[in-house]
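One structure coming up, written as structure tokens, with questions to follow.
Just so it is clear, A, B, C and D label the chains in written order, and each chain counts residues from 1 on its own.
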Amino acid sequence: MTLTPLTGVIPPVCTPLTPDREVDVPSLLRLVDHLVAGGVSGLFVLGSTSEAAYLPDRQRRLVVESVAAHVSGQLPVLAGAIDMTTARVLDHVASVTAAGADAVVVTAPFYARTHPAEIARHYRAVAAGSPIPVIAYDLPVAVHTKLPADVVLELAADGVLAGLKDSSGDLAAFRQVLTGARDRQGITGFSVLTGSELIVDAALALGADGTVPGLGNVDPHGYVRLDGLCRAGDRDEARAEQERLCALFGMVTVGDPARMGPASSAIGAFKAALHLRGVIDCPATAEPQVPLSPDEVERVGKYLAAAGLL
Amino acid sequence: MTLTPLTGVIPPVCTPLTPDREVDVPSLLRLVDHLVAGGVSGLFVLGSTSEAAYLPDRQRRLVVESVAAHVSGQLPVLAGAIDMTTARVLDHVASVTAAGADAVVVTAPFYARTHPAEIARHYRAVAAGSPIPVIAYDLPVAVHTKLPADVVLELAADGVLAGLKDSSGDLAAFRQVLTGARDRQGITGFSVLTGSELIVDAALALGADGTVPGLGNVDPHGYVRLDGLCRAGDRDEARAEQERLCALFGMVTVGDPARMGPASSAIGAFKAALHLRGVIDCPATAEPQVPLSPDEVERVGKYLAAAGLL
Amino acid sequence: MTLTPLTGVIPPVCTPLTPDREVDVPSLLRLVDHLVAGGVSGLFVLGSTSEAAYLPDRQRRLVVESVAAHVSGQLPVLAGAIDMTTARVLDHVASVTAAGADAVVVTAPFYARTHPAEIARHYRAVAAGSPIPVIAYDLPVAVHTKLPADVVLELAADGVLAGLKDSSGDLAAFRQVLTGARDRQGITGFSVLTGSELIVDAALALGADGTVPGLGNVDPHGYVRLDGLCRAGDRDEARAEQERLCALFGMVTVGDPARMGPASSAIGAFKAALHLRGVIDCPATAEPQVPLSPDEVERVGKYLAAAGLL
Amino acid sequence: MTLTPLTGVIPPVCTPLTPDREVDVPSLLRLVDHLVAGGVSGLFVLGSTSEAAYLPDRQRRLVVESVAAHVSGQLPVLAGAIDMTTARVLDHVASVTAAGADAVVVTAPFYARTHPAEIARHYRAVAAGSPIPVIAYDLPVAVHTKLPADVVLELAADGVLAGLKDSSGDLAAFRQVLTGARDRQGITGFSVLTGSELIVDAALALGADGTVPGLGNVDPHGYVRLDGLCRAGDRDEARAEQERLCALFGMVTVGDPARMGPASSAIGAFKAALHLRGVIDCPATAEPQVPLSPDEVERVGKYLAAAGLL
């Protein structure tokens, strides 16, 4: 099976939790409906914004099963298989495939210090054992290795990788993959997606196929509108919409850096916003993330109000 | 349950694999016998040297079950629970406890960027859910966070942590934990272990309780001898023995850095050495590590010969 | 004195050296003429591409004096004052001012680990002691600190900074400065320049005022053409021109990474290209950079030929 | 000229400043007298603790001239030549030589990303141009490169380097240099000095020649006593003295991390301590360091009192 090149907005879907940190499936499905109503063209579950790194295996599986069953083929479901090394990733690949995912998203090995040759070897082994297409996930802030553009392109040309989700923030390196994927012999149907939600207009102008914005949970309509404006060539309107979304993104800084790390703050803000917007029942984040204080949640509300979302 | 303070040599046990990357239980048990015959005082399975980051859950469980059943209480078995965050670690804690481990070894959260408050929260939640004592594992090279000494001491004083395995290489920070654990009100029975196999003599002179040397797989007798010399106060002999072991450790550099990363080289060398010494049947390392070439294996043999081990 | 907002292409001017590593003033002036003929709108001497970090004070001064006298006010001359801390930077500010520079470009403090409060204090003290406008230079790869956008904007609002030269590669953070400089009360005439030579089209589309491309030494006409196409709104042609320049930029990788670091390779390639194009007499780079081999120089020539420059 | 191997305590001498940030020569000479009275065996001026990175060239020169004239050959004066690259370092070498220094202390190149081959080339060129012996300064926290042990040993064997001042905190790597310098053919008279003031006992037990403790400014008698105890083989007393000094070192944390970086805090504390002890007239630190608050200074006093120094 291959993927038709993915385009449009494919948000990394937050994982709503109950107060006792179980997956809140009804909220999850409401969130999916909210995203589909917003016009997204695919769903990415078990990404970083989904707190995949925090979810035990049974919760991960429940998420994929619930979402895949709910959308039942109407739009593609990508699932992360976030783990340290090849054999562990392959177990997740089997699990998400069985649960109904259409493609799997895989980072470079982490924890152990790694090498470009080991990264390539990893993707080759994962793809050889995966029944569904494999998309590379470039997330140096988590994995502590940047996927080298030449490694990505070689794996694309060899049919190992079906796409790239780039959250490196390095637009120059992203461009190198984009032009390589376009120009290089033997690469077809390769999806180049950006996770850089603050420069979507720039990434699309460079030729990106689609967008994977964490903030798209909160405002899917905004990102879909932005995508449309970019495709229509309406650059000024696109820039204005992107800047509105950049202002909204400021919510990720509400958490006090003396009390919590940036992940607690950002995921906490997205979930608080979804709760304030009435999409999910509870804004709880997974352990050991520190919850936002009531004051911090109030500041999230102000960001929503300023963006016309409350 | 609490641990009697751990002392002596507690090697992180390599995980022998078959050519098709299954756990080679007979080789594993021979390795355990080799270590016990060498005089070690405990075993640490599923650590970094054990390739825990590479083993899928069923292999992890098989390792703990096999080793715990084999030693059946003769010496303590510590087991790593290496995973990204709290709930995932707790699943491993349950697994290794059921499999017979006496204590569990846990790093700070990784993948997500973390904060000292989140690290403390993590250990508190893990300890609250663990039937067996929890030992902190400080491994910044893998986890990308240094465990702050004051966080470790606070958790020790609160009875959350039963010990520390320090592989940070930062002896000054290690000393801060050592003196704090000795002097601070309310800390008793806390085991301070060093994973810095090249400065064991220095760590013991500072007051460390025990040693967790990866190279101890290859030469357990050497590390046990070193430990004894240090405890007997025979500093010059200890230094000479440590220097012999430092020279032997040079084997970790045999792998060509143009072809592989440092983990492939180091784990590959330890396993090649165990194979050359006749302890294990096959030197295979887990994917996606790059295997050593025959020339590189030959160089491992020269290190063994120079150290009088072949 | 204030600067009119800088626009267009302001290349960081290479510093040609003689075989015995003295400044080759005739070659430097020919290079300036080559750039002016290419249509650049300003010159940035003593930047990183100029090897400022390698030049002793007397050579730095000679460069500024020679260039400022040669262009005699026809276009603005910006000069780097690259040093570790406030008092040392102020000595360079005095020197480049006396030598005729129109503005000075200053990084955050480096060598000592620094803090946002110390960065702000540094720029305030430098600006207080500088007769000419101060432009902040964001170069985390060298300085190991990213200039926080809020610090830059606060200093801009207070009249401390006259502009920003951003070589961080982080386009999302760059956008934050751009929109802040446009929207925030009290900021006027602030020049926002990008040093990211591979995404100039993207940076200009976001609203950047100008460009500081190291590769502009080799192909000033290309960057001036790119700037014009962007300003004319001819996005497709702009993208094609940018991609041609990206391909040309590949020359920075000619140096063998087993023999030299990335700076030796990149600066060596730019100077080899200028030598091959007949602009400068000698491609020597400053010590301790490793020279390119004849084969590596030949590969530079192939990049030039492919881009139509030989 | 070669150096007799340096031994004992060679503190990096603080640079007292007047309230308007000029070098306070009378205070500097009183500090030198205080150190000499404490029994130090050499002086290291223009090191990191001396704020060399903050001092303009004329202040650097004044420091060396003043100290060298004051001690007039009674004990060796080492001087830092802290700058980014070869030619700039050579200017400092000429300056400190003319000012009377007996040896020069030089880091790897910084600012530009560097490579082991460039580091070796740098030291070879510096040594070729230096009339006085060159000591390598390993300070990764400032320079962002660790000096590889094999590069240091090769340069020692070739007569390029006369010693190493290791402030990396990596005792295992330090040991590799120590044993190499002892065992390798062709290395004689090479001084291996540790800057790790919290593990001096450990470093001397491994065979270090001498110690360069920043805290030795505040308590030279303590470090000289520690050195003597170690040489006498009185390990328990040595450990107790080292632990007293470790407790005193806690003063470096008095500065509020929300207001300043670690350098402002540490240098500020040392100078506040010297001021409280009556050695220097003014505790001012160089710009852009943030001054300690009165409360923070009061906490420095408590550290002094607890160590019996007030």
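The rule we apply is simple: contacts are C-beta pairs under 8 Å (C-beta built on N, C-alpha and C of every residue); 3 or more make two chains touch, one makes a residue touch a chain.
Being a predicted model, the structure only gives us computed values, none of them experimental.
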{"item": "Same vs different contact residues, chain B with chain D, by half of numbers used", "value": "same"}
{"item": "Longest centre-to-centre distance from chain A, chain (CA-based)", "value": "D"}
{"item": "Geometric centre distance via CA averages, chain D-chain C, whole Å", "value": "35"}
{"item": "Whole-Å gap separating chain A and chain D, where each centre is the average of the chain's CA atoms", "value": "49"}
{"item": "Set of chain A residues in contact with two or more other chains", "value": "none"}
{"item": "In contact (per the touch rule at the top): chain pairs", "value": "A-B, A-C, B-D, C-D"}
{"item": "Chain A to chain B touching residues, read off their complex", "value": "21, 48, 53-57, 59, 82, 84-88, 90-91, 109-115, 117-119, 121-122, 125, 141-144, 257, 259-264, 286-290"}
{"item": "Residue ranges of chain D in contact with chain B within the complex", "value": "169-172, 175-176, 179, 196, 198-199, 201-202, 205-207, 235, 239, 243, 246"}
